[in-house]
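Please read through the structure below; I'll follow up with questions.
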Amino acid sequence: MLDLLITNGKVVTQIFTTVLDVGIKGEKIVVLAEPRILGEEAKRIIDASGLYVLPGAIDPHTHIQMQTSGLPKPGFDINSIAAAYGGTTTLIDFAPLISGKSVEETFGKRRAEAEGRLAIDYAFHAKFTSPSRDLIEEAGVAIEYGVPSFGEVNLDERRGTPADDAFLFALLQEIKDKGGIAGIHAENASLVGYFTNKLLRDGKRELRHVPESRPNMVEEEAVKRTIFLAEKTGAALYFFHLSSQEALKAVAEARDQGFPIYCETCPHYLAFNDEVYQREMDQAIQFVRFPPIRSAADQAALWQGVEDGTIDCIGTDHVSAFLSEKKALSEGKAFNEVPGGMGQIENRLTFMYSEGVAKGRISVNRLVELVSSNPAKVFGLYPQKGTISVGSDADIVLFDPKPVRKVTSRDLHMGLDYTVYEGWTFVGWPAMTIARGKVIIEDGRYVGSLGNGEFLKRRIGKEILFPRRRK
Amino acid sequence: MLDLLITNGKVVTQIFTTVLDVGIKGEKIVVLAEPRILGEEAKRIIDASGLYVLPGAIDPHTHIQMQTSGLPKPGFDINSIAAAYGGTTTLIDFAPLISGKSVEETFGKRRAEAEGRLAIDYAFHAKFTSPSRDLIEEAGVAIEYGVPSFGEVNLDERRGTPADDAFLFALLQEIKDKGGIAGIHAENASLVGYFTNKLLRDGKRELRHVPESRPNMVEEEAVKRTIFLAEKTGAALYFFHLSSQEALKAVAEARDQGFPIYCETCPHYLAFNDEVYQREMDQAIQFVRFPPIRSAADQAALWQGVEDGTIDCIGTDHVSAFLSEKKALSEGKAFNEVPGGMGQIENRLTFMYSEGVAKGRISVNRLVELVSSNPAKVFGLYPQKGTISVGSDADIVLFDPKPVRKVTSRDLHMGLDYTVYEGWTFVGWPAMTIARGKVIIEDGRYVGSLGNGEFLKRRIGKEILFPRRRK
Amino acid sequence: MLDLLITNGKVVTQIFTTVLDVGIKGEKIVVLAEPRILGEEAKRIIDASGLYVLPGAIDPHTHIQMQTSGLPKPGFDINSIAAAYGGTTTLIDFAPLISGKSVEETFGKRRAEAEGRLAIDYAFHAKFTSPSRDLIEEAGVAIEYGVPSFGEVNLDERRGTPADDAFLFALLQEIKDKGGIAGIHAENASLVGYFTNKLLRDGKRELRHVPESRPNMVEEEAVKRTIFLAEKTGAALYFFHLSSQEALKAVAEARDQGFPIYCETCPHYLAFNDEVYQREMDQAIQFVRFPPIRSAADQAALWQGVEDGTIDCIGTDHVSAFLSEKKALSEGKAFNEVPGGMGQIENRLTFMYSEGVAKGRISVNRLVELVSSNPAKVFGLYPQKGTISVGSDADIVLFDPKPVRKVTSRDLHMGLDYTVYEGWTFVGWPAMTIARGKVIIEDGRYVGSLGNGEFLKRRIGKEILFPRRRK
Amino acid sequence: MLDLLITNGKVVTQIFTTVLDVGIKGEKIVVLAEPRILGEEAKRIIDASGLYVLPGAIDPHTHIQMQTSGLPKPGFDINSIAAAYGGTTTLIDFAPLISGKSVEETFGKRRAEAEGRLAIDYAFHAKFTSPSRDLIEEAGVAIEYGVPSFGEVNLDERRGTPADDAFLFALLQEIKDKGGIAGIHAENASLVGYFTNKLLRDGKRELRHVPESRPNMVEEEAVKRTIFLAEKTGAALYFFHLSSQEALKAVAEARDQGFPIYCETCPHYLAFNDEVYQREMDQAIQFVRFPPIRSAADQAALWQGVEDGTIDCIGTDHVSAFLSEKKALSEGKAFNEVPGGMGQIENRLTFMYSEGVAKGRISVNRLVELVSSNPAKVFGLYPQKGTISVGSDADIVLFDPKPVRKVTSRDLHMGLDYTVYEGWTFVGWPAMTIARGKVIIEDGRYVGSLGNGEFLKRRIGKEILFPRRRK
């Protein structure tokens, strides 16, 4: 007897949309069938008529466990519950590689912090805390450990010592040999410094100068140089939070050459353009990100990439940032000292459905690809995660395309004092979230238990490291 | 209760390989499940342990109903049974468009010829019998009728009047508007004439001159010109029997630009190279094809395209040609008067498995893509055909990877007096063929009944006409 | 003692502009020197202070000796004098290759027609009168004869049988072997037919439909296909009267690949855009040309090519067409039956100076390159013609940059009843024309004698056939 | 009366080769004429029958005034005389830009060092001694001063602080605004460090590891990044001593896009390949250069670039390095501590004639272009230098193509204890060198007087900063 049967819903994968029964036993999907053809019995039967049955969303880019200031912040618990409310059933956060400490020790510590705290499954990208050469050998250990993705490999000077070409090249060779993928924060630190200092020397300290301080070429150069080095080694790359049209074009060209180059963009680059930095300080400060939000032309190019397949994944780059705290820390500061970060772990799927599917830009299959299947494939979770098929984890979202809801931070569950979507109207909303066979969000309430979320050991797939197209 | 349950087999699609139960009711697949999880009951249960469970293969390119000489030839009956022996459950043959006659009449006549004669499902490409302008309007009618693919649109002078640019352009505009796809035989008729006449003037009449009479540039020019015209209209193209590296490169570049350009190659271009034309007349005559079989470098490039995804489909270009007849007709003739054609409808899946999968060039998923999923997608049969999923037709091949068999024409079922693979050793062989729920090949015998094969009305998918990647 | 000394003028070549003395003895330039450094003596000394001293212009594209109707037309005499008035000292007209007749005979006949009739030197392009294969062997004879350029090789159906691919390819091979260059009229005949017939079927017969009947793609396809064939052979190409941006881009790309591909545009494509076909019939009929005058965007792209070096030469495509006659022949005719042709042999240099140099688009050195040096180089007349250097023919124009003149056909010398520049204001005008050492235009009068013009035997230079940049 | 008349020689420019009289008065060429047409009188008449009359060669890349060790070295005097022996009449050395000191002061100091010491004319590239931002403003002053070229802008870590992207970008913007050109030493310092350290860690200290320590990608990356930054600003670039095929391709592509990107290679990259580092230490040490001498494939690609025009200039990168001193300084050192540098200021023209012209690879006109006209044009000396035309400086080499000489360092005049061409046979040798009208080398002896050489103020030409081809 099945434990759970979802009947009559429109099952959506990257490939097809069909009305099917989904039968679950324990944590796994064990049956897909024509509705009620077998008269299956189940402990619980959910009628999903009129709902989409989607594979649980995967957020490949969050910064939860990163206490950058002394203030208490929402941690794995609140953030993972908020994610589940938004239809996300897996998240990938960061764990540090620290010079002089073993992977076993540092990852173990981070896992201990997560133990019993998460509502959904989780994994880590290994993050370099310094460009020390000994960490490069540690990269191989991390891959063995089940953490085969690295990043954000930092070409931006804001965050400690940026990786120089020698470090980056050595890392790419190591992960090529061992089967990993490098995640890149692509901004040329030297050029950022140049533009920033020029503005400051000219007395231009306001937030409206953020875009000028990091023009598109800052990202374009970093992307092209990283691709150059990656092509020499054959290593796989993942560009976090791609924001500009030139960078996107460079990625597309490398991909067309058959190199294993992947990219992500984030909802805020699709939702907004650089007009936001012209707003009042109170507003503008919400949008301080690196890379910054770009022109309307870039925004259009990113949507084009979302539509045409050039962009592989949507990640949130989520940071639990309180607006009040951001303001306090920015008192009297120049634009380059204002802390970045934006909280949106809860709104990725709804945003992409509402602005993407409901507005006719993408199909619901492409939605699944962007928020679930591709993150799973790129980062070595597929087909355990990222699809609805027999043998996969029963991570499922029942998504209702009908609700029309006005967004306000008070209705969200991230524990923050603002949302950049305040006042937006979203069409469609998750009706139920199921994580490894357990219903955890139902009737608008979290009904799971912390600790259900497990650490996922990963291995990057051969088809990601050696994509078919084209030498 | 299920009609048929295939249990314990390794189910293979374009995407995954998993041990699953496949439950069939009537003509459809209705369940996929963990083996025996539900204790399903079925009228017949087949244990497929150790076998691949593949979607039935689809041959997108056969010339069965083409009585070019007065001699009796194997027809739909024998050929469709031979196809089924080889694991093919759908074939696409040609039906004429004739100036002055209606689609209803000509297609009706061809369907009447097929009625009750086929062991497997079939469809037609519409074939122009002359470049008459009135036929272009008829193309729209054919699409409405369910025959939305055209070809071989003939840029080769051997076969009646070739399509000139005006005809081709007008056709492309029409099918763009109506939602069809043009299938192209890409050889520049004028250049073929030039090279052929030059050889004949020099007294070079032997078969060893076949490659010189149609050098690669003959195909390359035709491919590039057709792509040029297609790009101006946005129309979808399918290149039949692509044979040369330059042409393949041109197709790949157009595809990378986001144009709906697809291509096929045939087993003979992968199995052989132009050394065959240097053999004795008896041997060489088997390989007379247009385009001809090419150099070892082209052969390698085509395998590369099979591996890397540039080539979409494998078709046979099957013609029921008797070697004895070919010889009789060629007595005293120059190379350009020798009839072409080669029978191999039965060997496509086995050849591709043996030379592709068993030799480690491609995965079994890619095999399924090439011989089944992609033909189904390109020509508007997916997901009814081309995959194993709930709701699809129960067209299934149980493929045994273990047998090692020496090929001889006597063991085949095409009714011909030779095979170009005579003496080859193939690894892997179909163990059972199921067509729309009925077992038709079992224990090496045909156990179906003629007339099971039905005519398939088709409609080209939006994702084929407007592929995602890239403006 | 020198025969003629031009002192104090600004000598202009492709490379430099310097105040120099130019000393002439007989037909040749024998000295270049700092003004009066040697105290040279001369029979005549011309003070060219304030004037440009330019190499005589070369018109690489005229249709003078082409009596297409029964009416008397200005011939070599009037046209060559008009050319001289405009600063042109060499013209290249066409002589036929006729199936069954020898080069010696047909060229001899044409030379006899020219004997004693021209005011300036002349040469011929060999013109195919039919795509007969025997003419291809004759092409080698023509090259030997000193007529190594061919054209307009006709891909346009209006003018008798167009060259098919086989003919074109055979020709390219022959001239590659023998050292010639093919001049191409690049319009796809089949597509022209398609668009024209479509318009006529729709009852669209007026001149305003001329552009639609030959859209840019008609030229683009012909250019790309010809380049394809040329690249396969390595043969040199010259595109006559290029008119569209796409075609220009294709030429530039082939050139960048190092292929010997050259192109010309004509003043009318630079002066006008397709708005002219919207004018009243009386006006519009003046502009009927093949290819037609194109959009403002094409016009801008051609000027860009004139500025940036993509365009090699300016030719006139001159035809002695009377407006009255054009009108008479067009009575009641559809646009495709209106005779083309435009008379402008006299205005090339002045147009290019006025619109190019005076308006700051090009330097006077680039002007010399376009109207003199490049035509000389491409067609094998350099350095005998096309430059001012010691040893070159004393073909010289003293060009006065100061006059501002309103153009009217009555003031011109072509003997026609209209000019397309009627009412335009030109800045700059030739003050004196010297042909092989003889002053032939002076004080606004022709003071030479017919018969001074000689037939020029040519040989295409190695650097044209094998340009340096780039395999 | 002329001061000097060179009669009957074959005058060679970039464009033509003609037997002409060259008349000189004072320091200038004042007449070009048919031999003896005017019966010119002259104080001295030189019969150049059988000789080439070439414009004096220009060496755009020497490191003479660079006392890197305490030892006495040949200075401006000996080196400029050696240059003259080799047919070079102008050299461009380096003068420093020093933080905190004015251009007036530092350039003045260097000019004072040169005053009365040179046999031929000279100019300076401004060289940054540190990447201090204040020097960028000084760059504008240098341009005003007549020193509009900069370099070697150092992307290689061996030579003090390399320029980071911010410095490079700021510099490019400045020189774009002011009309200069940046000369680049293109090696990625960070990657050089990576490869070098890896070798040293592995105990690989011998000279045979030089190529591995700076593989082609080190140059390719630096070239591509610099081009990226230059394209963003529109600034002109000159790549010193280009050595690899990938870098050359990148330059060619940028050029084809119409960017003002130029490049040089040196005789040693054409003469040798990396086999030299496998020789005995005594031999191998002669060839230590940065970038190193590369593979035979790179050598072939560079010759191709010399032939096809991709390479603009040949420079020597001359350093007065004694072999004995190099050896002494390298005792017990690893490959990366061996001093680089190679003396060859005397052999550029002879090498290029012998290996280029005499072996049929290039024409004598292309030779002139590479060693004289292009250096003059790129660096703002044309047409004062770099050609033979009326008004140009009378810098002339009479070059005898007949001598066949075995090269030995004892016969050279550079004052060094070796030459890398020891034992080579050169065809052709300079017979006489004339500098600004004075014969300075004659009958194998230096007959000039030190101090004849003057400092040349330069201004980069508009056609270099804005090359014609192509947006």
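Per-chain numbering from 1; labels A, B, C and D assigned in written order.
Here, a residue touches a chain if its C-beta (ideal position, glycine included) is under 8 Å from a C-beta of that chain, and two chains touch if they have at least 3 such contacts.
None of these values were measured; they are calculated from a predicted model.
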item: Touching both subunit A and subunit B (chains); value: none
item: Set of chains adjacent to subunit B and to subunit D; value: A, C
item: Length of the line joining the C-alpha centres of subunit A and subunit D, rounded to whole Å; value: 53
item: Subunit A and subunit C, separation of their C-alpha mean positions in angstrom; value: 63
item: Centre distance in Å when subunit C and subunit D are each reduced to the mean of their C-alpha atoms; value: 42
item: Of all residues in subunit D, the ones touching two or more other chains; value: none
item: Complete list of chain pairs which touch one another; value: A-B, A-D, B-C, C-D
item: Sites on subunit A touched by subunit B in the complex; value: 2, 15-16, 18, 20, 23, 25, 28, 30-34, 37-38, 40, 252, 256, 258, 304, 307-310, 366, 383, 389-391, 468-471
item: Subunit D-touching residues of subunit A, taken from the complex the two chains share; value: 164-166, 169-170, 188, 190-191, 193-194, 217, 220-221, 224-225, 228-229, 232
